[in-house]
Amino acid sequence: MTTMTTLTRYLRWDTAVGILLIAVFLAGTGTTEGFANTDNLSAALGDVSEIALIALPMTLLVVAGQVDLSVASMLGLSSALAGSLWQAGFAFELIVPVCLLAGAVGGLLNGWLVTRVGLPSLAVTIGTLTLYRGLASVILGDEAVADFPETYAKYAAYTETMPGTFVPYPVALFAVLAVGTAIALHCTGFGRSLFAIGAQEDAAWFAGIRVKRLKLVLFVVSGLVASFAGIIYTLRYGSARADNGLGLELVVIASVLLGGVDFDGGKGTLGGAVAGVLLIGLLTNLLTLNDISNEIQVIVTGLLLVASVLTPRIIAVVSERRHRRTAAEESVPVSAAP
Amino acid sequence: VSGCSGTTKDSVKDDTPAKSGKAEANPDAPLKKGLKIAFLPKQINNPYEKIVDDAGIAAAGEIGATGKEVGPSNAKASSQVSYINTLIQQKQDAILIAANDPNAVCGPLKQAMRQDIKVVAYDSDTAKDCRQLFINQASSEEIGRSQVRNIAKQLGNKGEIAILSATQNATNQNTWIQFMKDELTKPEYKDMKLVKVAYGDDQDQKSFQETQGLLKAYPNLKGIISPTTVGIAAAARYIGDSSYKGKVVLNGLGTPNQMRKYIENGTLDQFSLWDPKKLGYLGTYAAAALASGQITGAEGEKFKAGDLGEYTVGKDGEIILGPPTVFDAKNIGDFDF
Amino acid sequence: MEKPDKGLAPVLALRGVSKTFGAVRALHDVSLDLRPGEIHALAGENGAGKSTLIKTLAGVHHPDEGKILLSGEPVVFHGPADARDAGIAVIYQEPTLFPDLSIAENIFMGRQPRRSARRIDRRAVHRATADLMSRLGVALDPRRPARGLSIADQQIVEIAKALSFDARVLIMDEPTAALTGSETARLFSVVRTLRAEGAAVLFISHRLEEIFGLCSHVTTLRDGRHVASEPLDGLTEDDLVRRMVGRDLDDLYPKSEAEPGPTVLSVSRLTREGVFRDVSFEVRRGEIVALAGLVGAGRSEVAQAVFGVDRADAGEVKVDGRVLTAGSPTAAMDAGLALVPEDRRLRGLVMEMSIERNIGLTGLRDVRRRGLVSRALEHARAADWAVKLQLKYSRLADPVSVLSGGNQQKVVLAKWLATDPAVLIVDEPTRGIDVGTKAEVHRLLSSLAADGLAVLMVSSDLPEVLRMADRILVMHEGRLTAEIPRERATEETVMAAATGRAPDTDRTERTAAKEPTP
Amino acid sequence: MTTTLDKPTPEAPAEEGRSARSLVDAVFRAREIAIGGALALLILGTWLANPGFLDDQGVKDLLLNSSILVLLAVGQSVVVMTRNIDLSVGSVVGLTAFACGHFVSGTDHSALTVVLLGIGLGTVCGLVSGALVSFGRVPALVVTLGMLYIIQGIDHAWAHGEQINAVNVPDGVLSLGSGSVLGIPYLPLISAAVLAATGYFLRTYRSGRELYAIGSSPEAARLAGIPVRRRILAAYAFSGAIAGFAGALWLARFGTVVADAANGWELTVVSAVVVGGVAITGGTGSVWGAALGALLLTTIGSALVVLKVDSFWQQAITGVLLLAAITTDRVLQVRTTSALRKRSRR
């Protein structure tokens, strides 16, 4: 095997995103005052906390060839629900499970339409995107509910850290969940099945994988996590509104895709997706600190997205060319089984 | 009550206005040089906000401070938060904010105040304990009630009216609407009826279609109040081109440059607004006064705002720019903004 | 066999062509001449490079070295369109249809007859399609969408497409793999007419009798290298096999006698509306039961319903006396069923996945260590079966898509044999598999049966059915029409039952004797 | 010769063929009919509840409101047919609307110049996306999502709070948005013309059919010698051109333009196309369906307002109707294909 093939095998896009992430961090530390302190980094992470959470099940979905565009609406619905219940005087301990239940039911509806009715997930979740956001505004109207209990709010805020460390609670929670999801995706039969479903659903079904059930589970989990993110969002901003998280779905998907997860399914790593989320978060923070306007940031995000798919292609083409030239010299016959 | 009331569960508790590091006000202190003042509008692409901020930045130049405008490109509740965080890291001296949501920005604003950064809300208020001052373009009560008074006069205190607002959660809009509804309960308006509040989300095209919808759904509609510059322009355009022209009275808040054409072609007779440039100007002076220790935000303190003269801090740290101007065919030629 | 005119210059030729994919040399210095009026066979094992050679001729692949000569002139095909315009029609190994479009559009895509203002002449398109269909002797509605056509019908559309070109050169990569007798015969007569009209034909098949029956010349490839180009006259089947495999082959159908044990699989009154009806049969341990019939008789559908990937409308499937949950392949696997599906590219394999992961997919619970998938176990499992089935590959981590068709089929077999099933259902197990491997597969099946495995084999290959099966079930238009024990099985009896001409005795006899009470 | 199973050649079953054919036609038409029926029902119901819905002004408003979405849906469906997607249309409309406004502000350029400028700019955007998708061979969704951000960023950075006021836009341009012939405004006429031309082209020209072929099976299309990349590039260029055209019309209709015209419309356009029966997986559907889908979506919005449905409920109801539309379509499709399978079994 030539060195070139080994190189291209290890220099995958998700690793590249990881490297880029570190580069951005180092560049920020070196050039920008006020970047590399815990306050700022906590805030930067805080800004992407819901995106990061939702990105976990979204990665699983995209790997399985599905997509859930209704997540941001579900976040808003959960927020509106939490707000109206809190306003009505319910205990916060009760509100959380109710919101989670709503999330699961919403996810179930998505999953049901996709698996039982057989509709494409993109179409279904565009529909539920509208529906859930609509329900949110039915529930809470134009109100904004505030004054959530400090006891819980502090866990969502990035100013409180876990006792004895500088790690804020949501970061710790996210880390645990991310590791769990990574193991599930890359080291279990469940994960293998998702890859198979995403790459070729029929073949997965013929191999005895419970395609529909797995998809249903994914959508439910996605709804669940989105509603949980809704609670965190509400607590973090201290404001429950029907329009919370509007338009977040595309940011989540952009982050996941930036991390090298293939939208057609069957390819991608969770590490890549997480790196994608963090890269967008850190880069936005760094650019804002340097007074680069939001408009330019948006352009940078777009360019990164295009690069995320174009770069691997270019590398592949170049290495293919290179390879063909070397192959002309050294002949490698088809090898038989060892 | 004024400002952000009515939008939160139980109107903000007035316990501890978090005015940290509270020093005594020294009315005679000179304005500090080299202050860093940042404007954080609802969204950077809003033309109205841009007039305000540009005037404020110009004013900062006059007093030897540096001003800048940063902000999100959408008017979502949460998108201002990350900007506040970076402004804190950049160690600005004062942040002027037009809040998209009174509560969502609270946490980071409090953190800013803890780090001795002055916080001044303008245009749209935050919760009261999250800022030191609120520059109100006009008394909210005055705006709300005058909108009803003006249109009632045009309609002879009779007929169905509707409101075309911005987003469902805009603090200032909702406050004004609250006062409008309150005004309408007075006996002299007993023949007037508010049939609907529609939301155009401060998007031109949405507002345009909402106007259409209102006129279609309520055939007896006699008047529309649109207390938002985007909404009134869109409504005027629809009415001006449709068969409703001359049959439906439009009033509200708009800028003269946007509305000039419709005043001239008779689509509407009057609208009102304050001078957004003065709002920005006053904002900068107020922030500088705070940062220089002339005032602390307590009721009754006074400071000089350049050409605009002296202002007094009112209840809850509110400063009122002045009464809105009513524009009509006679005076519109005198204004250019 | 007619001799080609020796004097005629080749219309299409390859000179010293090489082609590599990554580290694999698919073709190495291969030359080939195609003369007008000649039917030329291309022979070789799976992965020898036949399809690659064809794709090079068709402009799909660009040769790394060497050149293509068209009427003696070097040409460069930049894409399939160039080759088409040069008068080369190709039937690829895997049908390449547009499922959403009608059969007529599939055939004439990009070349529709036009009327004024360059508009498509729909009527002419349909008329021409209908003509082609009657030439091939099939009744397919030109307006019917290609989606839902069986593989055989798809292949027929492909053939019609190639014929519609009136090409100078016709290249066919295993066109008959999915066809049964009558269609094959039709195809051959059409091809012979074309040859008589002066076309050059390149033909690939793993069925030696077809090569000998149709072609006059043969070029053999082995491991991407050119072995021989020669007239078929005077060549024996054994000679050809030796050239392909590089050694002599033993018996093609090594059937070892096995004593059938107790019944493991029993299917009763299985029905799927509009597809098959009232199908009942049993399979015992150590027995190979073939399910024969014409294309579209519903055999694959029965196999799929038994395994649970399709849900049957009525009836039940019992394994070892226990009723299977309907519509659940997982339950079927737990009960010891395995299904090697007909369409390996769509259903048998996840093409982008590596060989080892594909094989591991059916045993996600077996390759676990402490609850997590162990790559070592997965690799070992795959390597084990790769050796047993003599898989040709460069690394087990390579995606299966780079394997040749036959080797892909081996991966599917490996994937299911690795589950150690009690009942193995194989749907067209040797379709597209070379002679050597075919013998391997047959040996494997019969030794598995000898060890007590029950095998249900759906096959369109009649010799295979006759030689390998202990018992033959024949289907006709969705019904089981006959059950023929090995002793009585002949071409005639099977054929008669498959075409519905059977004297109903077999069926009644069998029904009376064996059918379980409903 | 190989041993053969001889099967009697089936004699051309003309009768069966014909019935199968009409069934095939029915499958293809059913979706458009279903959506058209739903639309008719909706309009009728609303009209019964509030006759004002269909008076002169009402019809005019309905047509005007939907014409830009219809236009965008036509462009989008051509891309979706090829198994691709163009998420950047919304931002292209925003950019061209602003650019055109900026260009004509205070001048007296004619409507034609503005339209040409819009189409030109839109085509450039479409060509960039298309080149990346077809020649870069990268997933369309990712690329066009990236393009969405890039174009939007450029647009916003350029405009930066600037507003184009109707006062400064030449009357010639504005009259394109508000004028009419025989009482029918120009805008819906333009949309209808584009729709009809596109629909006819897709049905009766080789390159039109090839777009369907590409969406149905890209690999087969390549082997059939279809210039796949060129066609996909052309589809994107078309979609971009349409979006640019829509941007110019936006300016003409609304006069007042800030940078965020059609902001966030990408998903609305895609839903219109999907509701209209164009499969997101390519290969099927028609622009007629897509146009009906767009019409249905805007009509739902208008009808709910007219029916005095609480504005908080509007979005939820739109969502339900959207889901109902695609579900019905799907159920219908499943029914017909299974009927087709049973009948045409040979």
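Should a chain be cited, it is by its letter among A, B, C and D, assigned in written order, with residues numbered from 1 in that chain.
The criterion applied here is as follows: a residue touches a chain if its C-beta (ideal position, glycine included) is under 8 Å from a C-beta of that chain, and two chains touch if they have at least 3 such contacts.
Protein identities per chain, from UniProt: A = Autoinducer 2 import system permease protein LsrD; C = Ribose import ATP-binding protein RbsA 1; D = Autoinducer 2 import system permease protein LsrC.
The structure presented is a predicted model; accordingly, all values stated were derived computationally and were not measured.
More C-beta pairs touch across one of A-D and A-C than the other; that pair is A-D. Chain A and chain D, compared by their mean Cα positions, are separated by 29 Å.
In whole angstrom, the spacing between the mean C-alpha positions of chain A and chain C is 42. Mean C-alpha position of chain C lies 42 Å from that of chain D. Between chain B and chain C, the centres computed from C-alpha atoms are 74 Å apart. Counting partner chains per residue, chain D shows two or more touched chains at residues 156, 160, 279, 312. Annotation for chain B: residues 44, 73, 168, 199 touch two or more other chains. Across the assembly, chain C contributes no residue in contact with two or more other chains.
The complete set of chain-chain contacts reads A-B, A-C, A-D, B-D, C-D.
Note for the complex: chain A touches chain D at residues 69, 113, 117-120, 122-124, 126-135, 137-138, 141-142, 247, 250, 253-254, 257, 262-264, 293-306, 308-310, 313. Against chain B, in their complex, chain D makes its touches with residues 50, 52-53, 56-58, 61, 65, 156, 159-163, 165-167, 178, 250, 254-263, 301-302, 305-308, 311-312. Against chain D, in their complex, chain B makes its touches with residues 44-47, 49-50, 73, 168, 196, 198-199, 203-205, 208-210, 212-214, 216-219, 233-234, 237, 241-244, 257-258, 260-261. Contact residues on chain B toward chain A in their complex (touch as defined above): 7-10, 12-13, 44, 68, 70-74, 76-78, 81-83, 85-86, 88-91, 101-104, 106-108, 111, 127, 167-169, 174, 199. Per the touch definition, chain A reaches chain C in the complex via residues 1, 5, 183, 187-189, 191-193, 195-196, 199-200, 202-210, 266-267, 323-324, 327-328, 331-338.
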